[in-house]
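Heads up, there are several structures right after this.
Two complexes are shown next, each including chain A; its partner changes from chain B in the first to chain C in the second.
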Partner chain A sequence: MSAGLLGLRRDGPAIAMGTVPLLFLLLLFVYPVARLLSFSVEGGNFAHFEKALTDGLYVQVFLETLRIALIVAAICLVLGYPLAYGLAIASPLWATIGFAFLLLPFWTSVLVRTYAWMILLGRNGLLNRTLLDLGIIDQPLALLHNRTGVIIGMVHVLLPYMVFPIYSVMRRVDRQLLSAAEGLGASPTQAFRRVFVPLTLPGVFAGATLVFVISLGFFITPALLGGGRVMMIGVQIERLVRQFLDWGLAAAVAIILLAAALGIAALLRRLLRGDLTWS
Partner chain B sequence: MVEPATGSADLELSGLIRRFGTVTALAGVDLAVRAGELLTILGPSGSGKTTLLKAVAGFEMLDAGDIRLKGRDITLAPPARRNIGMVFQNYALFPHMDVAANVAFPLEMRGMAKAAIAEKVAWALQTVDLAGYGARLPRQLSGGQQQRVALARAVVFDPGLLLLDEPFGALDRKLREQMQLEVKRLQRRLGLTTLFVTHDQEEALILSDRIAVMKSGQIEQLGTPEEIYARPANRFVADFIGESNLFRCRVSAVADGMATLTGEGGLTLRIVAGTLTAIGSEIGALLRPERPRILVPGETAGNMAEGEVVEAVYLGESVKYALRLVGGGSLLVRLPFKAGHGMLSPGQRLRLGWDPADMHAVPWS
Partner chain C sequence: MTISKMAWLGGVALAAAVAWAVPVAAQTAKPAQIVVNASGGAQAAALRKSFYEEFEKRFGIRVVDSSPPDMGKLRAMVTTGNIEWAVTELNVEDAMLAQEQGLLEPIDPKIVDRSRFPANLQGRTHIFTRSAYSTVMGYRNDIFPAGKRPTTWADFWNVKDFPGPRAMQNSPIDNLEFALIADGVDKDKLYPLDVERAFKKLDQIKPHVTVWWTTGAQSAQLLIDKEVVLGTAWNGRYYAAIQQGAPINMEWNQAGIKESAFVIPKGAKDAHWAQQMLSVMTDPKLQGIYANIVTYPGLNLDATQYTDPKIQPFLPTHKDNLSRQWWQDVDWWVKNGKTMQDRWSRWVIAK
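What follows is the complex of A and B.
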């Protein structure tokens, strides 16, 4: 029997198992998306791209999206790092409780959560009412239909994406290294700063990349909490399609978004490669 | 081996007690490590030796007792304030720092000036034969090199005490022996008071100035390697250190400084009486396997036994035989392997002899 036949025999089932999902994806996902994106070069020229990249409005939208994504990633990091640390050092019981609180919203529909935030953040919402009643403010805060509201909602939705990668890296840090640092004269704070934090940076970068890239294309939360006044790319694409029926321009913007997301992810990967995976 | 200067104890442990629930890890340990000596804590796992080490390093709190280092009470001091250099079992090198940064770490923590740090680091790396390796990351080094870095990092800040936590376990045999000698030489040269924790009795015998054998949270015996090996205090130490034959006997007669012992199967042994005076008391008579010699026909000795080879193991310079004695019972002997002499095979009989002074009595109970 030839080696080729043997090889085929061994790989046969794997190929068969891989084929069906692959066909499914090609037919129902890749093809429609490719068709959609092909609208961007309708007429055989790059007019749509030119417009998307030079029109002040779209440049504004791109910059706003970038800004919001950065702020969201930064806030998620500031909140997520201590949270992940708490979970990493908690007793099994407290870690389970912590994860339940983190995962419960994660499993709830984004739409439901976003509506919940509208109730909380509104002019007459729970938050403003409480603050007014307590006399802490005398004018309702503008928390809805602006950038603040969008950022609050997005941070809430995306926080787990920051916490999980950081948590998993933290759990793998050898605790003995911290003992060693203290034995060598470091205070607990110095051991944390000089040893623990650098060793958890791969998780920080992974989480930040994830949150940032997801933020770039976020739609539901900015659409609802922004009330049409916060222009992120996702919202703009939807408006182009639904209000202006400008499929070509929408497709061009979508491709630019996709390219930006891939580019940023690749850049971060390149920055991280080798240097930040200690082992 | 030269005894380290007696007198001043660098590390003094008194009445150390540590309990975990119902388990007593340290049951009142007293120990004084002299300046410049290498003292080994030797014990099986669960003997409390690791708890003792952690307590000295400051990673484990005590229920009772004090620890003094160079006269200073450090019982409650945090690890960072103890000025103890420790080499961990897996070295615990900081993987994100290069070799030089690892070695510089304790100096930086002490606020030393940059130029002084560079000088000290260069000295420490030179000392462990790693000059020129400063820019490498730990993962780019071999196991032996990683250990040298750990050692350099532990001695660079002139610690009051060096702690070694089974540092040779991860190395293969040949490298292990080489590193043991290097560590010993470095320790001597720098005059570092050293506490070494291991479960490996062979390693303990090679490296130590003195050995403290631990069991169930207590020190069973403290002495030089020779003392521990030749005159163990009890059955546990006799059994734990080296290979041994231990005969359960009763003292049947004492005369002229010699005691006659009677064991199972009609075995009669003669031993230097020493403190053995009580006729009828039960003791264990210890005979190390390398002590007996083969008797030529007609030759006699203070103690004699005849037996049949059950198993023979070739060890290179010697052969280890397990014998079944004529009166029942068994004997383990190690005889030099001489070319031409050949090796005895199972079933062959031989007559062995040894002197009363070759034996050592330990309490049986």
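What follows is the complex of A and C.
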């Protein structure tokens, strides 16, 4: 108790500075969210949760959401790891150029980027027309208005979330360890695989968690690129709120989504910590 | 306390008492502006040129427009008492639902004169039918040249003679009716809908529908981009695309016509001025101006004479078009809408 008081005195200015944003969050974020979530137990029972967890429609949509989030995280990792590595070893000039390319779309509205994908991926879009003209395909590929389109759009939006954590960890890796490994007889590939990669795993886990968790709640991209046939949970919540006015069920679904996201984030943290103790 | 201060306080108290005792006076006090919420886009400009400009001129109150119509937002506004809109557009099923849930102000017949409206629309107590619109079939006229054009829903379902990807709205509304007509049901004997038969017929077209659209803008764009070659859309959307030179034809035969509703949220602080806005919207001349821009006609029976003859073939209410269409049965949809939407959500994502 006294330690806490001492701490309070010492941290006085910090606490004072933190109070305003904290109040801001409490008032404008936590309170409304809590209010919304309280709808889920209106009537004093868990009927909405029961429906959300047992109704075939919601189960199917949850599974589809998990599947897409997993695929998106995996593709982001496969693309993001080499990209982060390239940026980490590049000369300052090339690193700057690389980041500019990575960040430029990051600063563009998701909506604009999603529409851009519609122009590129459409049946009559740039990509299909080029491939048709080159005679590589004789039927347009179905790249839009299906799961493929949603995944392409989401990977594009979420890739920076994978690259930045990995990059920042890679920059901190001591390069002399690689030289040491090679000095001890490891081939460059072995040194990369057995020294460098394990050291960058914290970044990989952080990036994967970010991408996966953000994917779970994605709305604009699946709504626009899914053609109505790809139903992710965010789209379903929006329909419940706006179209069906079933806020109780919407709140229950939102809580389950929140719990799943927190649970998965905690699990990945666990994995990460476990991995660190192995090394 | 000085005398002047006391007098001032007394004045304030008196003013407060008056405001409390005479709510009517408080209600009619002129606000600087009112917000009218509608679909946005080209419609917003047309609403301004026709009704909003006239309203501003008549009453000296600025009209601010916002979009889109949103049932969730309407309910949030009314339940929290923080009502931003004086008037909002809603599709008529939503409007009926909102009325049922007590979210709407009644229309004041002393202000809003609908005596020149069709009799069935005069009786709507909380819903003002501002316009009519149709969901029509549209197609690329470069893919389907003259003589090889789809004209019926049976043609829309006929993927052998009319091949190519199709788009339909992501909603059971209209689509159940289209399916039944395609299956041979008389367009004038649709209701009550044979739901099982409709979904069974929809199963047949499902693999050929590559996009289930959700917004009006999307529906026309899909044909413009050649993403699909056949589709459905609200008539004004195709009209706008055709005006821009897109190679699109629309087909009035067997199209579904329905009401577009404007309503006043329950407890709207400028309800009196909202009623005045609806009153402006009954003006046949202004309805004519509006229809000339977006091809959505007003329902005042005198409006036709103020509509450009060149525009008239594009209006759902034009006599040649009207006789070939069917009117949506609002009551059936209000009663069954929720069940149908739920069933649709499952059907559309089922493999």
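The rule is short, and it goes like this: the second predicted complex is superposed on the first by the 258 of 279 C-alpha atoms of A that agree within 3 Å, B and C clash if a C-alpha of one lies under 4 Å from a C-alpha of the other, contacts with A are read in each partner's own complex, and residues count from 1 in each chain.
One rule holds for everything that comes next: a contact is a pair of C-beta atoms (placed from the backbone, for glycine too) under 8 Å apart; a residue touches a chain by one contact, two chains touch by 3 or more.
Predicted, not measured: the structure shown is a model, and the values here were computed from it.
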Fit or clash between chain C and chain B when superposed on chain A: fit
Partner chain in contact with A:Val20 - chain B first, chain C second, else both or neither: neither
Touched partner set for A:Asp174, first chain B, second chain C, both or neither: first
Chain A residues touched - chain C or chain B, whichever exceeds: C
First (chain B), second (chain C), both or neither touched by A:Arg229: second
Chain A as apex of chain B and chain C, Cα-centre angle in degrees (nearest 10): 160
Partner chain in contact with A:Leu104 - chain B first, chain C second, else both or neither: neither
Which of chain B and chain C A:Pro198 touches, first, second, both or neither: first
Which superposed partner A:Ala186 touches (first chain B, second chain C, both, neither): first
Overlay on shared chain A, then closest C-alpha pair between chain B and chain C (Å): 47
Chain B/chain C common contact set on chain A: none
Touching residues (chain side chain C, partner chain A) in the complex: 70-73, 75, 97, 101, 165, 170, 210-214, 225-228, 338, 341-342, 345-346, 348-349
Contact set on chain A toward chain B in their complex: 174, 176-177, 179-187, 190, 194-195, 198-199, 278-279
In the complex with chain C, residue positions of chain A that touch it: 56-57, 60-61, 64, 118-119, 122-125, 142, 144-145, 223, 227-231, 236, 239, 241-245, 247
Residues of chain B touching chain A in the complex: 57-59, 78-80, 82-86, 88, 90, 92, 94-96, 105-106, 109-110, 139, 153, 157
